[in-house]
Each structure stands twice: as structure tokens, then as C-alpha cells.
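For clarity, chains are labelled A, B, C, D, E and F in written order, and residue numbers in each chain start from 1.
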């Protein structure tokens, strides 16, 4: 196979995980979006013009979790079994927390992180008109502190139909 | 985890099915589209301008079955093993019947229903120009009676290579 | 180009719409899902285990409208400018109504019909556990009467930034 | 249309932008991922096992920009005309900056923000094995400071073929 | 913007085409798949077990044309207006020819080439069981001679509704 | 089920593979793109304007392998575990070789072939501006000799976590 570029350290590969065990995988990730007081008030009163911000963000996060393999180039496709998306509306913004479960050969932290990112982006999109200043800029809006809270694996539990 | 909105009954979650058994799942769904006599004649004679109506609808249905997890927000991704799409051209329209098979942790009735829906929508799209009246409206076209005929599960049979 | 199968009436083509005018297109479609009284009570009280049924169905419908070109084989890609999804919870089920707007070369009735279909399928998915009988079947659930209420086109209005 | 839930302030809609002008839109967004010194050394030397981190992240970002309408529920589809993805490898991590251009009816800040988010997630995925501690956790990795640097619109310039 | 990697000649960008004119674009591409005599006989007699080979390949090609922007990393999204897929069943295989039309800022040769490639791959998939030898290998099957026959552009013609 | 069109030999089905064994599957495919000397020189010097040709083609190929089930109508979804994409820059063009691994019920040759095809199409797209002649045509560019080098299956090896 002389001449092929594979081993020169500059190319990309999707590492084979065929020999890894299928175990129960769980990962929880979190992140925060800073919003103005006005926006937070409108969210609490459910008066955002585009509609229900948090449910829309939950659904967007779940969809993104399921599509992580198609968004992150070297992620493996995984049969996700469950997704939880929670929000904490704080004094200066909203914290999103996503937990992903899967019986698979690789961890699901990228799925949880992708869910958090898309949840926060969706919140931003829903409140654009109130976050923008008079010049159409976003001086206060920012997403930060996206991180993995916990990653676990365990033997497959006994199945119960 | 105080403050998080998860348990207030208004948020959305993708229920974890990790502890359910992998069994052989089958579901059959059916639905009907009402069409004008003229359109049905053209379909029977294979003279619809856009082309082969029924094969196009079959392929669209199979694609939709495989993508159900990406269309229905809380559906789990499932490794579909087989899809059958059949049509009965009747006196007043076409009945579509879709059977989906899978070895998985959840039933496949949503996959079968999605296949039927997309098959019928595709038929509509193929015959738009003959179904429309002179005002561009569809006074007679309608999709109805989409339902699950049968849903089954069974122990995984012995595999035979 | 002798020998090519194109003109034998059995093949499929995506008709060129390049010479059609770009006009303002609107289409409204509607459909109904029959549900049991118990399910409707739970939906009204927002006590469905999977979460907020109607907002989930709205978001699924909007996503499906935007992807219609990828679901229905011969549909053209269209720059959808607006989507409205409304529900009427009636005595025996839920009616979904979807209006789609676009400045384009082809009508948007397939987009509206696809939105209605996916809205109703999503409702079904959200209430599966309460609609199923003790044998796991759906004796009463059915989707029906999916049709186009109105389809319009108009000259592009003056743009106002 | 009595009975329909549309106006109760809790539902979701995709606001119609049909009457907005098509203008040249530009938006630039930025974000940062904190990485360990060891990881940054390996990236600089192009010795990350999975391959070329920055080019992979660029391509993932461009793909995500093009799919923003399909990831963020209420975003409108937009004909993106150009995407630039740049990285600055700093002492404590990598800053990603994405500029998106489009001739359209709505701004492209969500596209730029989505590109930045997916670029940073892809970097994380590429360096997972070196960022993880002995317990499989990520004590130091974090994504932060995702924000819009600048958003502009301008009359369509004269086209030059 | 010192430090950013953009101009080092090794990174990737999606070149901005915002200043190019919208013109009528057409491209035709062609390619060939070599098949055994036995397979060609079965195709001619429509006795391939998986079903109608050529219509399936047409539909797959049209879908791939519409998704080219999502498959080829630096392609721009384009509003395809028409697709024609033709086949010539020859003595030693099948030739596929795809013509794509679009009113856009960039040419559509990649769309036509992608359509041809997926048409030929779909044919291969449909006849796998008859093309395979007793060891499950494909000694005779091959795709070749994929090329652009013609690429054109023209002023937008007068629109006729 | 009288009247249904299923068994008339002209319809399409996705054959059920539920009863096949899950085994370790591997397939390697290869293909070639002919390019001008000028283009090959620029690729070798990494001076192609759009950027890093080979890494872009690798990533596009990996994405296409993962999406094969969504591109080829009757392919089954498969949990791909690994993908290798290699290139050999020869005197008259570039050869792409793709190896796909999976633990599944069906072979992965279509995934490998799809990866090769999209790798070669991506290379073409990256070098369009240098391959085109003064009339915007491609007199020398061509993709050829796409074939399966080897297809194998084996018992699932012992898993090692």
C-alpha cells in the first residue's frame, strides 16, 4: 500500500471501535447563556413573541443529540436510548443541563455537549429581537461555561420487558 | 438540582428505554388517498407526467421509515431491518400499506405510520397537476383513515447466516 | 440520445420550473387525529408523561415544512418565509392547521400538507402509552381528513425593511 | 378560526419574513475552548491521533452553517454565499472565529454562532483522549465566551460576473 | 486579526459568491457501470428481486442532486429548478446521464456529477446479489468514466407564469 | 391482501435482514480521478485556493459512509465502527481507497463505495477552478475504476474494554 498518505500524521481517520464492549453509557453536560433582565422577565412571563422558549430549546437539544454523529465528523453513530434536558432560569441568564443515555461502544459526552450547545443557541434565536440593541448588535448576550459534569459507564443491567 | 424545570409537567423528555429488551418488532399501518377518476385512469395507464407514481411513493415511504427518528421529536433511533410498501388502487383512490420490521427496544408503529403518510403525500405530489381544479384548488383530494393495523413483538429468532 | 429511457412514460423526472415567475405563495392545509377521551383530558391538563404535546407537534411540523423538498422525491427546494401551526382540541380529537408562506416558483401546498401530517404523527407519538389498549393495539386512534383548505399566489408585495 | 390555540402566547411560530428586503448580510461570531498544555502542544505538532484538528473543525463548522435552518427550530432557510472559519491557538486553548455572508431576508448571526459552536465541539471531539483524566472526566476542558462580534447589512452590490 | 490561521494556505474556506450574478445554469454529466450479462438480462426483464432498478436509481439521483450542498463540503446551497436522469442499458452495463438546471450564482456541475454517482451506486446496490461471485466478491462490477458532458450559463429568460 | 401490488415484480422493497447474524463486516473500495498536471502540482504544494484538498475529501468520505443508508434507497442503517480513507497522488491523478468496518447484519461494500465516490467528487469540487478550460468545460477530468477490492466477514471477536 506504498504511496498512500494514511500514516503521515496529517490525515483524518474514524478510529475503529469494533472491539470495544457494549456497555451502558451516561454523560451529563451543562452550559449557560447570559441574557438581559428584560429578556428573562419576558421568558418567565411566557411573552416572547416567537413562543415557548424552553420547550423549543428542549426539542432542539434532543434532535441535536440524535444527530451528533452527523454534525461532528469523527463521531460514531450511537443508538441513544434517552435524553433529559433541564433548564435553570437564573438572575443573569439560563443554564441548560443535558443527560444522554446509550448502550454502546463509545461514550456519549459529545452527544450531551452538542445537546447543550444547540439548546443555548435555540434560546438565543428565540430572544433575538429583545436582546439586540438599537444597532442590531448583541452587547450582552454570550454563551459560556459549556462543560462535562459527569461521564459514566456500567455493565448492561438486566433487561426487563 | 433545585430550580431545574424538569419535573413541572410542561417540559419534554425522551424517555430512556435502555432497560427494555431487544425483541423482534413488527408493525403494519395503512391509509388512503381519495383521487378523481381521471387521475386514477392516468395512474393505471402509467401516463402521469411526472412518472411512475407508485414506485416513487414506495421509495419515499422507505426513506421516511428510516428517518422517522429524525422527523418525530421523541422517537428513538432504531435499526430497521425491513420495509414493505404495498398499494391497492381502488375505485376512488389508493390505499397504502406499510410493514416495518426491527430488532429493537421500542415498537415500530411510528415508523409504519410515517411511511404510510409520506407514501400518500408523494402520490398527491405526483398527481397535483391533474387533481387541481381550474382555480388551482383540490376540492376532492384528501388523505384519510391512517391507522395501525397490527403491532407485534416476538423473541429474537435463531439467527441463520 | 437514442436508447435513453427518458421518454418511455415509466421513468421519473423533476420538472424544470426555471421559467416560472417568483411570486408570493401561500397554502393552508388541515387534518384531524381521533383520540380517546382519556387522552384528550390528559392533554388539556398537560399531564402527558412525554411532555407538552402541542408545542412539540408545532416544532415538528415547522421542521417538516422546511424539509419537504427532502422528503417528497420530486418537490423543489423552496425558501419558506413563514409557517403557522394551530391546533383545535375538539371533543373527539385534535385538528391541526398549517399555513406556509414563500416567495418562490412553485406552490407550497405540499409543504403545508407535510406539516399537517407530521404534526398529527407527533401527537400520536406523544400519547402512545395512553392510546394503546391492553394488547398494545390502537383500536380508536386514526388520522383523517388531511386536505388543502386554500392555495393562493400574489405579486410580490413592496419590500419594507 | 375560534378554538385554535395560536394566540395564547404559549405556542410557537416561524415568523413570516416575506416582506423584508433581500440585502447583503454579514455576521461574525467567536468562541473559545480551554485545553490543557499537553493537548495544545500535540495540536501544534499535528500529532493528534485522530488527525488534522483544525481543518476538521473548519469543515464541520461550514457544514453546520449551511444546516443552521435544520438545527435551530425557528430559523429560516438562507442561501449562504460564503463562510470563513479561522482559529487562533493561544496559550490556554483555541479561539474560533466564523464569518458568514448571505443575500437574504434575515440576518446570519445564528449561522455564525452555530458554526463557532460546532467548530469548538469538533475540536473537543478530536482531542478527547488527551483531555480526559484517569477517571475519564474532563476537569479542564470548557467552551466559553461564544458571542457575536459584528452584524451588518448593506444594499446588494452591483453583480459582476 | 494576528495569529489567525486563515491565510497559511492549509486551511479551508467556502469562497464567497455573493457578488456573482444569478444566471440560468445547466450542466450534464454522465457515467457508466459495468455489469454481467446475467444481471443485464434480469434488469431488462424487470426480474431483479429488490425491484425496479432504474426508477429507484432515478429517484436516488434526484435526491442526491438536491443534497449536493450537504455532501460536498465547500459546495454552496442552490435552488435547483429541474433534474433529468436518463439511462442507456448497453451490452456491457448501464450509462447514466443527469442534467441539472438552476437559477443561481454558481454552476451546477457538482450537482450533476453527484446525481450520476448516486444513480450508479444505487444500481450496484439493487443488483448486488446477482453480481457477487460465490466468494461474495465483485470481480466484474465497476463504475467508470464519470465526467461532465456540458456546462452552460445564460441570461435569465423572461419568466412566464 | 388481494389487489395489492407487492408481488408483481415491478415494485420495490427493503428486504428484511432480521434473521441474519450480526458479524464483523469489512469492505475496501477504490476509485481514481484523472487530473491535469497543473492541478496535481498545486495539490502537492498545498496551493489550491479552496484549501486542503485531501483532508477535506477524507472528511466528506467519512460523512458519506455514515449516511449511506440515507443516500441509497434500499440500504439498511448500519452502526459503522470505523472508516479509513487513504489517497495515492499518482502521475495522472489521485486514487482514493476507503475501508469500512461494522458489526452488523449486512455487508458494508455500499458504504465503502459511497465513501470513495464522495471523496473523488470532493476532490473535483476543490480543484474546479484549475481543471476548467477557458470555456468552463472539463475536457480531462474524469472519475473511473470505482470497484470493491475486498469484502470480508468474521465472527465477532472477543470484546476488550
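A few remarks follow.
Definition applied: a residue touches a chain if its C-beta (ideal position, glycine included) is under 8 Å from a C-beta of that chain, and two chains touch if they have at least 3 such contacts.
Fair warning: this is a prediction, and the values are worked out from it, not measured in the lab.
In summary, the chains found to touch both subunit A and subunit D are C, F. Between subunit D and subunit E, two chains of identical sequence, the interface residue sets overlap only in part, with shared numbers making up under half of the total. In this entry, subunit A maps onto subunit F through a rotation of 120 degrees when their C-alpha atoms are superposed, rounded to the nearest 5.
With centres taken as mean Cα positions, subunit E sits 29 Å from subunit C. Note on chain placement: the centre of subunit C and the centre of subunit F lie 34 Å apart, centres being C-alpha means. Chain contacts: subunit D has residues 10-13, 15, 51-52, 55-56, 58-60, 63, 67, 73-74, 79 touching two or more partner chains.
Every pair of chains that touch is listed here: A-B, A-C, A-D, A-F, B-C, B-E, B-F, C-D, C-E, D-E, D-F, E-F. The part of subunit C that touches subunit A in the complex is made up of residues 51-52, 55-56, 58-60, 63.
Contact residues of subunit A toward subunit B in the complex are 24, 54-55, 58-59, 62-63, 65-67, 79-90, 97, 101-103, 157-161. Here subunit B touches subunit C in the complex through residues 9-13, 15, 31, 46-47, 49-52, 55-56, 59-60, 63-64, 67, 71-75, 107, 109-110, 113-114, 117-118, 121-122, 124-126, 128, 136-138, 141-148, 150-151, 153, going by the rule given at the top. Subunit A contributes residues 1, 3-6, 10-23, 69-70, 73-74, 76-79, 105 to its touches with subunit F in the complex.
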